[in-house]
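Below is one structure, written out as structure tokens; the observations come after it.
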Amino acid sequence: MCGVVGIWGAPQASNLTYLGLHALQHRGQESAGIVSSDGGRLFAHKSLGLVQDAFSQPVLEALPGDRAIGHVRYSTAGGGGLKNAQPIAVDYAMGSLAVGHNGNFTNFEEVRTRLEAAGSIFNSSSDTEVLVHLIARSREATTVGRVSDALKQMQGAYSIVFLTTDELIAVRDPHGFRPLCLGTLSSYPGLPGATVVASEPSAFELIGAEYVRDLEPGEMIVADREGVRSLRPFETRAQRMCIFEYVYFARPDSKLNGISVYDTRKRLGAILAEECPADVDVVIPVPDSGVASALGYAGRLGIPFELGLIRSHYVGRTFIEPSQSIRHFGVKLKLSPVRAVLEGKRVAVIDDSIVRGTTSRKIVKMLRDAGAKEVHLRISSPPTRWPCYYGIDTPSRNELIAASHSPAEVAKYVTSDTVGYLSIDGLHRAVRGEGPGRQGFCDACFSGDYPVPFATENGTGKRSLPLASV
Amino acid sequence: MCGVVGIWGAPQASNLTYLGLHALQHRGQESAGIVSSDGGRLFAHKSLGLVQDAFSQPVLEALPGDRAIGHVRYSTAGGGGLKNAQPIAVDYAMGSLAVGHNGNFTNFEEVRTRLEAAGSIFNSSSDTEVLVHLIARSREATTVGRVSDALKQMQGAYSIVFLTTDELIAVRDPHGFRPLCLGTLSSYPGLPGATVVASEPSAFELIGAEYVRDLEPGEMIVADREGVRSLRPFETRAQRMCIFEYVYFARPDSKLNGISVYDTRKRLGAILAEECPADVDVVIPVPDSGVASALGYAGRLGIPFELGLIRSHYVGRTFIEPSQSIRHFGVKLKLSPVRAVLEGKRVAVIDDSIVRGTTSRKIVKMLRDAGAKEVHLRISSPPTRWPCYYGIDTPSRNELIAASHSPAEVAKYVTSDTVGYLSIDGLHRAVRGEGPGRQGFCDACFSGDYPVPFATENGTGKRSLPLASV
Amino acid sequence: MCGVVGIWGAPQASNLTYLGLHALQHRGQESAGIVSSDGGRLFAHKSLGLVQDAFSQPVLEALPGDRAIGHVRYSTAGGGGLKNAQPIAVDYAMGSLAVGHNGNFTNFEEVRTRLEAAGSIFNSSSDTEVLVHLIARSREATTVGRVSDALKQMQGAYSIVFLTTDELIAVRDPHGFRPLCLGTLSSYPGLPGATVVASEPSAFELIGAEYVRDLEPGEMIVADREGVRSLRPFETRAQRMCIFEYVYFARPDSKLNGISVYDTRKRLGAILAEECPADVDVVIPVPDSGVASALGYAGRLGIPFELGLIRSHYVGRTFIEPSQSIRHFGVKLKLSPVRAVLEGKRVAVIDDSIVRGTTSRKIVKMLRDAGAKEVHLRISSPPTRWPCYYGIDTPSRNELIAASHSPAEVAKYVTSDTVGYLSIDGLHRAVRGEGPGRQGFCDACFSGDYPVPFATENGTGKRSLPLASV
Amino acid sequence: MCGVVGIWGAPQASNLTYLGLHALQHRGQESAGIVSSDGGRLFAHKSLGLVQDAFSQPVLEALPGDRAIGHVRYSTAGGGGLKNAQPIAVDYAMGSLAVGHNGNFTNFEEVRTRLEAAGSIFNSSSDTEVLVHLIARSREATTVGRVSDALKQMQGAYSIVFLTTDELIAVRDPHGFRPLCLGTLSSYPGLPGATVVASEPSAFELIGAEYVRDLEPGEMIVADREGVRSLRPFETRAQRMCIFEYVYFARPDSKLNGISVYDTRKRLGAILAEECPADVDVVIPVPDSGVASALGYAGRLGIPFELGLIRSHYVGRTFIEPSQSIRHFGVKLKLSPVRAVLEGKRVAVIDDSIVRGTTSRKIVKMLRDAGAKEVHLRISSPPTRWPCYYGIDTPSRNELIAASHSPAEVAKYVTSDTVGYLSIDGLHRAVRGEGPGRQGFCDACFSGDYPVPFATENGTGKRSLPLASV
């Protein structure tokens, strides 16, 4: 998961990009970066950590111009460090180019091997660097042509922004896996409206831009001195928007493809209530992602909704793990139970998903320790049985508890009285409304139905890579 | 506002104190400090910023011993800086002494002047330093005697912890303005249970300690080699627990004086619904403090509760204000509206209080911009008309909008359709349950009924103080 | 060892103080601090480390006013940390007061015990804090009166500067152990000249001030709105200026008490050549302190002077000690031998003193490894046999190699062919010129003739002090 | 100017490299970097600033293995920042490769343009990156073959080290412009000796390695599992060692091509004394580079040598420029005059070169202000009239004062009584001894006789490059 922003034609574009990245902070906390241009050259700054820590007023002032792109990167197990931070900015035959990428190229190992054989060098373990090489080696005459040419050679999921001194390019892959939205910013009287793109429309809200529409799958938006145009460089494919964006990733105040995330989550809860009701005294969410689903669940069943778990505002990356010797005190750093809500009650607790089961187990224990008489775990999505190869950092299949355990077995492991999942059909109904079918969305993590082929898991990581400390 | 923790008799006491302070982080984000002892000497570390940033594993290892006290300090307008961070640690005739203080001595200026005339020197602008001087100048033979002697000379609100190499002392003032709770920690088999004190019992939850009871007003707890004992060094006074702790300060998962904060807030909302109902489509809280009250308000009126405002998890102290030139984009950093909840709706929004009115005004505008047809602001406490002199940082009377404006005038200023406050009686009923009367609580900020005299506002700040940069 | 600066009546006094401290950086690298005043209040900043790292332009701008004092502190074994950094700034009955101290009060433990019994509290292990308490407790009506009163109760060595909002006070102790010089700064046309004091006149050079004279022993200079005046609050004593300032501490470009340090060092070398000639091919200094003495030594004997040892410019406090396992590679970080100068040569190497002998031993080995045929160590001062109690951080007697070893034994230990020291008479002749007698200087570290009594070594360090981490 | 170190076969190679870089710190203070290998992969760390600040014990521990290369980089006007720090570490078809480069490729713009046309991308403005691309695109089967192939396409000056997981390669260009020395490290009993290369043999001294010899022009040293071998991949060219290394850059304790730098500098001074004697009372150096030349000058004329200027040990990159308003106080931060040496004297001051003349002008003023009656500036090298294109950062011709001004005109500008330069013949005699001719050295900065062609000055900098902030 990552987030991208692009702005063309607004004074202090880097400052607006900074605010837009702040609104997308939930999509990636490992690193943040902005590249701007004043029309003459590119200016770049990247840093590990949160947007607000990566940038200061002097840094933003060193990023001049009315065009910029920005990127926030998700913390992944391997391949982190400043070297893999984005946007990537390089020089090549056509001048300077910067790229910010949300998604994953499934064939990148294969293309990288081919490029290395042809003499390319790599500075990072990022799949995005492969794309930059293809652009540089393309024989097309224009940046737009080269970007199209390069992307045609890549498979997988991408919502991606490019900046040169002369143009902003935004592309959504032919399946439309990852969201990407178009907006305009017209607040300066006397100036033509600026063009804005962002992973989610919440970024528009913060900078005062107006949402226009989501990019269509396979669409390329180009903004330059002559205006904004829409291109279709790729063959048509069926849309396969990531359905998990609605369940977990996107902000509740976002609409994606015209569908409100908040409303969808309430529907997830309501359908879950129909499919897996629980005879309980109180419904509580695992905050913050489970709140809307729990409201939907409680509302449908007519059971009181309460905040039985409080989330700390102050737990960040620098929190020290308590040393081994005092672990058994049972430390709970991020969530704390509200005894007044839980004591002596039968509780349904709503979470968005179960990955390995270890966190759920801790939450169930915490609820029981606070006096819950029964704990019924309800998940507002189907069992997560398959890894994602399109940009979400999931563990391999053998670590996914639902890949090998029935709901009853999962309940046993997490020590809850029952576990109930949403059905895949229920999920689709919640997202799409009441129409039939499951087209239009990728649900591979639940169904194993992968729209795009991918390298085997063993294909990665075999390479000797320089340490990413710089 | 501040938070304190004290631990006696647990291995790695500084690590436990660190976790306890983390649970009290909401009571103060300006600075954090811990003083520990191994029985031979004291060890101290203080730093500006959050608990998790102030301490690292090596720092905790440099704070050895099985006894410690800790303090988090609230950000106040003046008088900040590392110099005013606590615990204060000094040497004096009896050895070393450390002090962490939550509250405010109302007669500190007067005592300080007297001490200066007698030759005392001051390193900070903190009222706590005055107390340390009184302890050092006392003619009593024991630390306990000196502490009692000194506190008898001070007036005001205090929940306070002391550490020497040989004893932990915790004291709550005769009115019991600020909370202070006693717990035990008995997880180590074969060891006698450790004694723990903390501003709120939530701190016990995190470190696995068991809540025993709140300290009584005027009680002093002393833990030393011979065990734990309770003393009553002061004359009896009527309890006047700060009622605003229930409305805003304390964590919802805390019980104070045996009363659940979460339950109280739901009752605040329910009584508010009776006193000031609103004919609306949806009830939303200003997160996070307004959530429980909004649940109570919505429940009593049978109107849907929704999360119409999302709070960013990532806004910290380092966030850059966008530069002046782009301010008019209407930046909203901490809260964002959920259009799907608000569009076309009549909305009741529940907040805990209105101080100057500027924040409420921004929130109302945000809700209207997101499509709310009507906005009815409901406050889960009475109008804030008087400054607090007992440890809460409130502005002077002429800045408190409710001191000079009727609810209708406030509504006009904040541009809401209506504004409704809870009554003072309603507040007391919500906190105390259904019994009559208003005894037992300080509601001076609402009523102007101050239990303890204080210096006039002009009495402070006249002094030339060294800059608090160190 | 420490260095002090004081300025009265110059715009941007903190900036000038900063430059003055830079010129005195050799007198202390552990911490640096400045307190300024604009006439209304005091402003302070202190930091561990070098002057250039402790202050930045924004910090200097936060120290406004036309009066300031500054301090650099020497790194000592115990009692370091920010808590012991100076100037100390406090509030007391007369307002605010800041103090910067170079020297050592020999009776401070005794006075501190007395003060604690009377109710004083201590925030540091610094002897200077004792003085501040005495000032605060004095019954004199003026700051000048209180300072005099307090200093009369203290024994030992001090050159000390005080700043209040209204006056700058500089005092040199009755024996004049430590240097302190008076200057004026008259560069602003139309403004009266500013008054400047500093440990060494080199600080005047850097800020463009003019040297006026050294303060006399027991003299107090007071600068305030009415001008500058000289007071004599103490009884007359014989001057006992620290003679080791000339040998090692002071900058070669300084004059102290009218005597050029550079010239003195050349004379030390010349007299050493007469007293302990060496039949060698080349004379080399241990840079940088031995350079002038080596020039004098070589010149008197007519033997070539060469730079046989190069000193690295880049070794600071942060240099990592190579890990134990590679120590035996024989790492030499600060000094490196010039083989071209040394190979096959008989070498006289001139150093200022031998403390424990370990450094000399490494230097001799380095010279031999670089090909020196003979190594004759010549010391431009007498054997260091006694600890200093007047402000220089020397080890206890049993660590001073010369306290128990003859020159021949020292030579054996450091593996040089011979060792030769200057005589005490020779030292005095070099410093004072050719006149008879040894009056006027303290040579206790060489002679054991202590002008002022002091507590026994066992008298210190018995106290439990809070960790100096803040 | 830069410095390089390479180590093959010594445990804790990164720690030794760190020490070696410390010894070469004078060759570059902008950035420092080390890449190590444990035989399986490469590990890298680079940082802006000094070696001692760039590395800590944990960082060195994260650089495991018995082979490593290191690099210190000179601060240049443009093209700085972390992006241009070295070693550069990349992945390509043969695995991982790291490169550290001292020198300058004169045809790099041309090759870069060609590579970009063929699809290469560039992450920095460094000429070294061009070389890495050529290696990646080479069709040779081995790293050695590819490195040779790539270097054959580059012109200019280079002493360069390469590290793969399997081999250390060190190359000196066919003219031998920049120094590069070979050593062995045999301190571990039972282990075969390690191979070490470094820009100057001083680096060997610090780590306990033994100097073997300088690499010959055009020589390539390869160390791998099978041992160490010397290759000659290039056509023979005449040696053109940079003569300015002897005058200024190299450490005085180094020997380059078997010639002692210290001895050479003394001869520069002696010949300068013959060519441009001065009728003065005292000879002083501009420390530290002028010391040996001043000894030679003074010795030849029989005039006393003194240290009339003291250099501060504490001026680093972070020193704040005093604010504009106090500039006229005449601040002198790095050098201070010793009045005792200068007052009333006729002074010859020896410096290594004059670039723009501004620093010399300040020094002359400082000497006169300190009382010098006459100031005669003597330069231990010929007039610097031409820019260097082989790795030294010199300004363009029109900024070089000697390119357009006679010695008399220079004297007028710097306000000295006279200025005297060494002749080009004198320079060569000093370096090479008494033999005839000027072969073997590059003296282009003095003579304009450039051994290798270069792009015109206008050829650089035309490109739009990303900001080097990351």
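By letter and in written order, the chains are A, B, C and D; residue numbering begins at 1 in each of them.
One rule holds in what follows: a contact is a pair of C-beta atoms (placed from the backbone, for glycine too) under 8 Å apart; a residue touches a chain by one contact, two chains touch by 3 or more.
In this text, all values refer to a predicted model and were calculated from it rather than measured experimentally.
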Shared chain contacts [subunit A and subunit D, defined touch]: none
For subunit B paired with subunit C, centre-to-centre distance based on mean C-alpha positions, whole Å: 49
Inter-chain centre distance, subunit C versus subunit D - centres from mean C-alpha coordinates, in Å: 37
Geometric centre distance via CA averages, subunit C-subunit A, whole Å: 61
Multi-chain contact sites of subunit D, meaning residues that touch two or more partners: none
Graph class of chain-chain contacts, one of line, ring, star, complete, other: ring
All touching chain pairs, where touch follows the definition stated at the start: A-B, A-D, B-C, C-D
Subunit A partner contacts - residues on subunit B that touch it in the complex: 11-12, 15-16, 18-19, 22-23, 25-26, 29, 50-53, 55-57, 60, 185, 187, 202, 205-208, 251-253, 255, 260-263, 288, 291-292, 295, 299, 304-307, 310, 312-316, 318-320, 322-323, 325-326, 328-333, 336-341
Residues of subunit C that touch subunit B when the two form their complex: 33, 35, 40-47, 59, 62-63, 82, 85, 89-93, 95-96, 98, 116-123, 132-133, 136-138, 165, 463-467, 469-470
